[in-house]
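A short worksheet on the structure shown next.
Labels A, B, C and D are assigned to the chains in the order they are written; within every chain, residues are numbered from 1.
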Amino acid sequence: MSTLLLRRMQPTRALVHGRARPPQNVRTYASASPVSRFNWEDPLGSRNLLTEEELAISETAERYCQERLLPRVLQAYRDEHYDPKILQEMGDLGLLGATIRGYGCAGVSAVAGALITRAVERVDSGYRSSMSVQSSLAMGAIHDFGSKELKEKYLPEMAKGNITGAFGLTEPNHGSDPGSMETVAREHPQKKGYYLLKGSKTWITNSPIADVLVVWAKLQETGKIRGFLVDRKQCPAGTLETPAIKNKTGLRASITGMIHLEDCPVSKENMFPDVEGLKGPFTCLNSARYGIALGVMGALEDCIARARAYALERRQFKGNPLAKYQLIQKKLADAATDAAYGTLAAIQVGRLKDEGKATPEMISMVKRQNCDKALHNARVLQEIFGGNAVSDEYMIGRHVANLYVTQTYEGQSDIHSLILGRAITGIQAFV
Amino acid sequence: MSTLLLRRMQPTRALVHGRARPPQNVRTYASASPVSRFNWEDPLGSRNLLTEEELAISETAERYCQERLLPRVLQAYRDEHYDPKILQEMGDLGLLGATIRGYGCAGVSAVAGALITRAVERVDSGYRSSMSVQSSLAMGAIHDFGSKELKEKYLPEMAKGNITGAFGLTEPNHGSDPGSMETVAREHPQKKGYYLLKGSKTWITNSPIADVLVVWAKLQETGKIRGFLVDRKQCPAGTLETPAIKNKTGLRASITGMIHLEDCPVSKENMFPDVEGLKGPFTCLNSARYGIALGVMGALEDCIARARAYALERRQFKGNPLAKYQLIQKKLADAATDAAYGTLAAIQVGRLKDEGKATPEMISMVKRQNCDKALHNARVLQEIFGGNAVSDEYMIGRHVANLYVTQTYEGQSDIHSLILGRAITGIQAFV
Amino acid sequence: MSTLLLRRMQPTRALVHGRARPPQNVRTYASASPVSRFNWEDPLGSRNLLTEEELAISETAERYCQERLLPRVLQAYRDEHYDPKILQEMGDLGLLGATIRGYGCAGVSAVAGALITRAVERVDSGYRSSMSVQSSLAMGAIHDFGSKELKEKYLPEMAKGNITGAFGLTEPNHGSDPGSMETVAREHPQKKGYYLLKGSKTWITNSPIADVLVVWAKLQETGKIRGFLVDRKQCPAGTLETPAIKNKTGLRASITGMIHLEDCPVSKENMFPDVEGLKGPFTCLNSARYGIALGVMGALEDCIARARAYALERRQFKGNPLAKYQLIQKKLADAATDAAYGTLAAIQVGRLKDEGKATPEMISMVKRQNCDKALHNARVLQEIFGGNAVSDEYMIGRHVANLYVTQTYEGQSDIHSLILGRAITGIQAFV
Amino acid sequence: MSTLLLRRMQPTRALVHGRARPPQNVRTYASASPVSRFNWEDPLGSRNLLTEEELAISETAERYCQERLLPRVLQAYRDEHYDPKILQEMGDLGLLGATIRGYGCAGVSAVAGALITRAVERVDSGYRSSMSVQSSLAMGAIHDFGSKELKEKYLPEMAKGNITGAFGLTEPNHGSDPGSMETVAREHPQKKGYYLLKGSKTWITNSPIADVLVVWAKLQETGKIRGFLVDRKQCPAGTLETPAIKNKTGLRASITGMIHLEDCPVSKENMFPDVEGLKGPFTCLNSARYGIALGVMGALEDCIARARAYALERRQFKGNPLAKYQLIQKKLADAATDAAYGTLAAIQVGRLKDEGKATPEMISMVKRQNCDKALHNARVLQEIFGGNAVSDEYMIGRHVANLYVTQTYEGQSDIHSLILGRAITGIQAFV
């Protein structure tokens, strides 16, 4: 029994509460009804594939997200404001680094971990991004590649949300092609046992508020990519800057920034000992991508629920609800189908992941397809709202804007197509 | 252990052999390799979800289809010829009515039954249609609704393929709307214990060669739809005609026809005793539709395998194989993804079906989506062949033509959209 | 020779200047090069269809928009701020109500008028919306339906941009279905020759800053829809309120609001004398929609130009520019094709309009198709920018957000489908 | 006034007669009604752009095609039979090589020439292919590149349809990439003034029945591509073989074959004197492609007319015609829009062509887009017919199968994308 369950929240009256407009509960999350009739919220009965523990974790996460995150997100998105307390709240519930065993983490299945991301992304992809970076990228990197000392020092506090992490791989000139990175680490000319990091990273979630930053850089002596844990507290003034990128067109409820390293000294103990090349960052990305694959299904499901509620309430032409029109029904049917299919595929890959059978290409497939389909259907569902979608209070415009970003980060959709194409044909077509 | 396994064929050298052009084996079917690396033939490791028995049944069916059906299909399709021996061959292997328990049937799981349809449809949707009608519609109707006597009389011989069945529901003026059917059954004015059937059915697979025809008609006295087993041997001359429909644009390897009933006498014993209304035919259609959902994935997989092989072999522009081009790789990646997703969804619904949890709407969802995606991707993959696809020897044109039909029969795609729309919104939009 | 030409601006050095990022001129607008080679900015040589005067008007408008509007739009969009001086600037150049003859208006062709909207929308759909409302809806309504006195009183000052207009048709509960409007006009119980208007309008561009508002209301005595010119100066306190709608997800550079009329007295002279029913507002909408059809092509062309420039500059994988990749080239080819086709179609309808041959259904067709295609391609082109599109400085995210609104206002896309479907089949399918 | 008009056929009662099923006239072609109301057969009033002469030519061609070709096509397609008399009938009406001036040809505008192809393709793309090869490829090559003697010898008889031509460019291993052709011409070792041609061409329309074949081959001495007129009568036995390719999946009403040249002697007089390299064949292809661009709009318009007629006649669910349903109306609206847009674009390019301003990229654009859209919409419209589309008597299945071929020949769609991409970006992405 996971420790997570011990901290399970008590049920409350109103699990889901939308905005003033629309006021209705658009969806239920905690219902434990068995699979026995068609349920538009889970059309192909994916609940049937989950364990009791996974269902309980999912419910805990959904309740927190609907009760605590949903009321904040509209204003946060408007203001491009991220409340750092959110990670602590998640930490209190055991939601951070949940698939890690030990170090104060819950040690749940890959599927359970992804159910948490789905719950968060049902509210907002930005909130999910912040959590993914903390859990899969920062904690994941430390757990998979850090020394025993690093793990013991950082993971427990990160699991509580007391230390915020970031992950620096992407550079201004190298997005889809991280192998060409320019950030370098060279031996400190004076201070033995230290490296000096120099370079810039961009589009780094959490970077402006991060306490620790996993930074990938080329070791000058070998030309090989290595990972470093940069602890902000240990950086002399002027060697680390993490300015925020403002005026974003999506993911505005999370905070994104750059990392500028100007001969920032990092001790050798903070270099990951045994991993070299792109294997390191790609392992972490793989876990994060897996979480995204199920996560975006949460955003899509929220769009479905909101569009359905709107279509049932809004009346045009002789008082018929929009839901009566064939063109509307087809949009809902298409979206529900893609949500159901994407959910099953993500669960399947999670099961294989726990069995050690999931390959990176499988994760490319579900990350790509689920992001593409979430974005596509969110846009189509947005049409149901007509002009009203222009009001951010209907929520769907925010999902649409966010989902564009999910499609493009952690492997842009076309790049994943070429990864799959290579796996299918044995021939690479990147250049 | 199913009887089917006892009749399992011995392995042979060449499980798959394409046409002279292209000569290469485009795919493997019998490989028992475990899920551990990315396999373009099963990208999301669906094999992992199958039992040993299901894998064995699938292999038996695949081997038969590749060795015995594939060599015949090209000429059969050209000539619009269906070889009635095929059903007997399938019967010998235990492939007919395989999910039925007893009566000489294999009694396998719903998923196993669908793996058989997938194997057949990998060769040709027409061959699969003929088998589906025999298994799910004709045998299914007799098994689910027939009296004990009817079952014992017909099912064992139908399982062997010695008696061929058809299923008459669709009428010339009533396709998507069977409730308006015009075929009637009235009490025989002279011969007690008999009904007279009058009306026409159309687009009836197998009808010209069928020995027994399940016919749905409105009982004159009640106006309710009832099912009748029409045994051709018992029909007086001139009361039953089953002309073939020729010059079809798809499914040419199966035989399709009409059923004209002109006061055809049928004994009361041949009326299904306990089922009234559309529930009867819809139950049978539900099983058939389920089989189609996994079946069309076989056709799509064959298109992928053939397109991939062609792309690897065909060279244009400085000797590069087509497989090197991004636009080609994307087509393959998209198709492989849809095949993988559709396979998982169909397996999931099959599992729920065996647990009694699959609703008709779930089957609408997987039937609609998988047919739509099989057709769409087959068309896109066809583009890889360029002008060569115009030669029927490349096989893909036939799949494209066939898959159009699968999308439109057993519930046209838009109709299933509205079934799903009704299930999601609670409001019907058919009229 | 139109008066517009007399006020033509002098050429300047830099006609187009993008943001700091990307710095390059992404497109040329003033080039008078003849059609003789393939020009990606006008792939099917639409310039060949334009008169000298139209080309000159287009150049004047483009220059103003690129020099004066483009530098303001980024901040305006961020702040949801609309600078009322813009209409005066446009008025100075003769761009307002340009197709109206007399009353100080330029009296140019329908195509010339649409070339102006295209120039404005190349910068921002919000700026274009504000201008369309002033020109086609407010001035258009007064011109087409107002008394001689109203025209002489208002049109010259509106043409100069000294008086700002709005157009109130849509109501909170009646978007696609204006015939069900609830706003009413009843005879003033005390003040003879006056009506009292009561009701609410929403999603009204310009309403918070409008001096005059064309309001459509049902006349209580007849139940017929009539048009009223509400002059804010003449409204007693508390009878007219026009609150802004904030936190919009698109068109943030224009100002949008509601109109609340609480027994607002309007004199009979301000009621349009000779038009009754939906013919009035639909005539105005028709002109506005026509302008949108060519307008959105401007936004799409800007997306193409920016995506092309980015693809040529951005390098990934061995230093190749993105423009070298097939998947990128296809996106550009598709978008350029749709822009070229949409431009030709809009010009054709404009020509027919001037000949009195354009029907509302033709305008539905080009409005629907061009908005759909502009939005679709803008989204696809956005993918070329990868994660960088999240920065608003790349401009494309703003176009994507704006174009969603153009697809949904002035007749949502599906509604236009049904208008076309009715015209094609003779059967209406709205209910 | 073109000679074509002199041979104009007399009006008849029934210009259009479909099959027994459906019996109704689905469309009018000869109507001279002015553009003044919405006409679903010409939604954007393209007639307004045509001259009187062009309208008359179009009517002549449409009448011939509907009266003489339509009744033959169903059986011809079933049997893969092409009646060689068809070219003579077309010749009698002046429809062959119609844009050529002199040599007994009509000398009409490029648009008029394309209106003829549209009329023919409204019946069948195969019939149009045969005519395009005769007119644009064989006659076009002789006219553009042949010596005065060749022109005078062949063109008048080809214009009458007494001599049938073919055009040999594509080879078995070189479809999209003709520059790699393997067919060679070397000086005859014995017979002075002669070349020996050796090599194979495939997918050559008309080849089995052609009297003269334009063959492109690499001159051994220079390695440059040159054009040869191969006159079958002059070929010694065994040096020229033109076997038919049977069992085609599309274009079955035209005849397609290979050309095998086995040291076939051709006199130097039959080599085109002044053209070298791919410029020669590409010039001819350009004209043919232009004809296809408007031609396929004819096939699409026929699909629209037939789908509309079917939707109005077929009733399902409480007696409503299919045309009443939103999902049906949207399909019709989309198709009508694409047909209208494609028609305008093709007319525009034709006008530029006559002015010497049309570039190959423009023709790539309209060929690609119109073929893609014709195919896509034909497939969507086919869905309206449900299962009935499987009967070839409803005609639409044939159009769907044909249009696939038009998309892939004369430049496969993706290849044209890359031609456009290169024109837009200045960078080629073929390899």
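To be clear about the criterion, a contact is a pair of C-beta atoms (placed from the backbone, for glycine too) under 8 Å apart; a residue touches a chain by one contact, two chains touch by 3 or more.
Not measured: the values here are computed from a predicted model.
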item	value
Most distant chain from chain D by Cα centroid	A
More contacts between chains, A-C or B-C	A-C
Distance between chain centroids, defined by C-alpha means - chain B, chain C (Å)	53
Whole-Å gap separating chain A and chain C, where each centre is the average of the chain's CA atoms	38
Chain C: positions in contact with at least two other chains	325-327, 330, 414, 417-418
Residues of chain C defined as touching chain B within the complex	325-327, 330
For the chain A and chain B complex, residues of the former touching the latter	34-38, 40, 43-46, 48-49, 308, 311-312, 321, 323-326, 328-330, 332-334, 336-337, 340-342, 344-345, 348-349, 351-352, 355, 357-362, 365-366, 368-369, 414, 416-418, 420-427, 429
Residues of chain C that touch chain A when the two form their complex	78, 170, 173-177, 180, 203, 245, 247-251, 256, 315-318, 320, 327, 379, 382-383, 386-393, 397-398, 400-401, 404-405, 407-409, 412-414, 417-418, 430-431
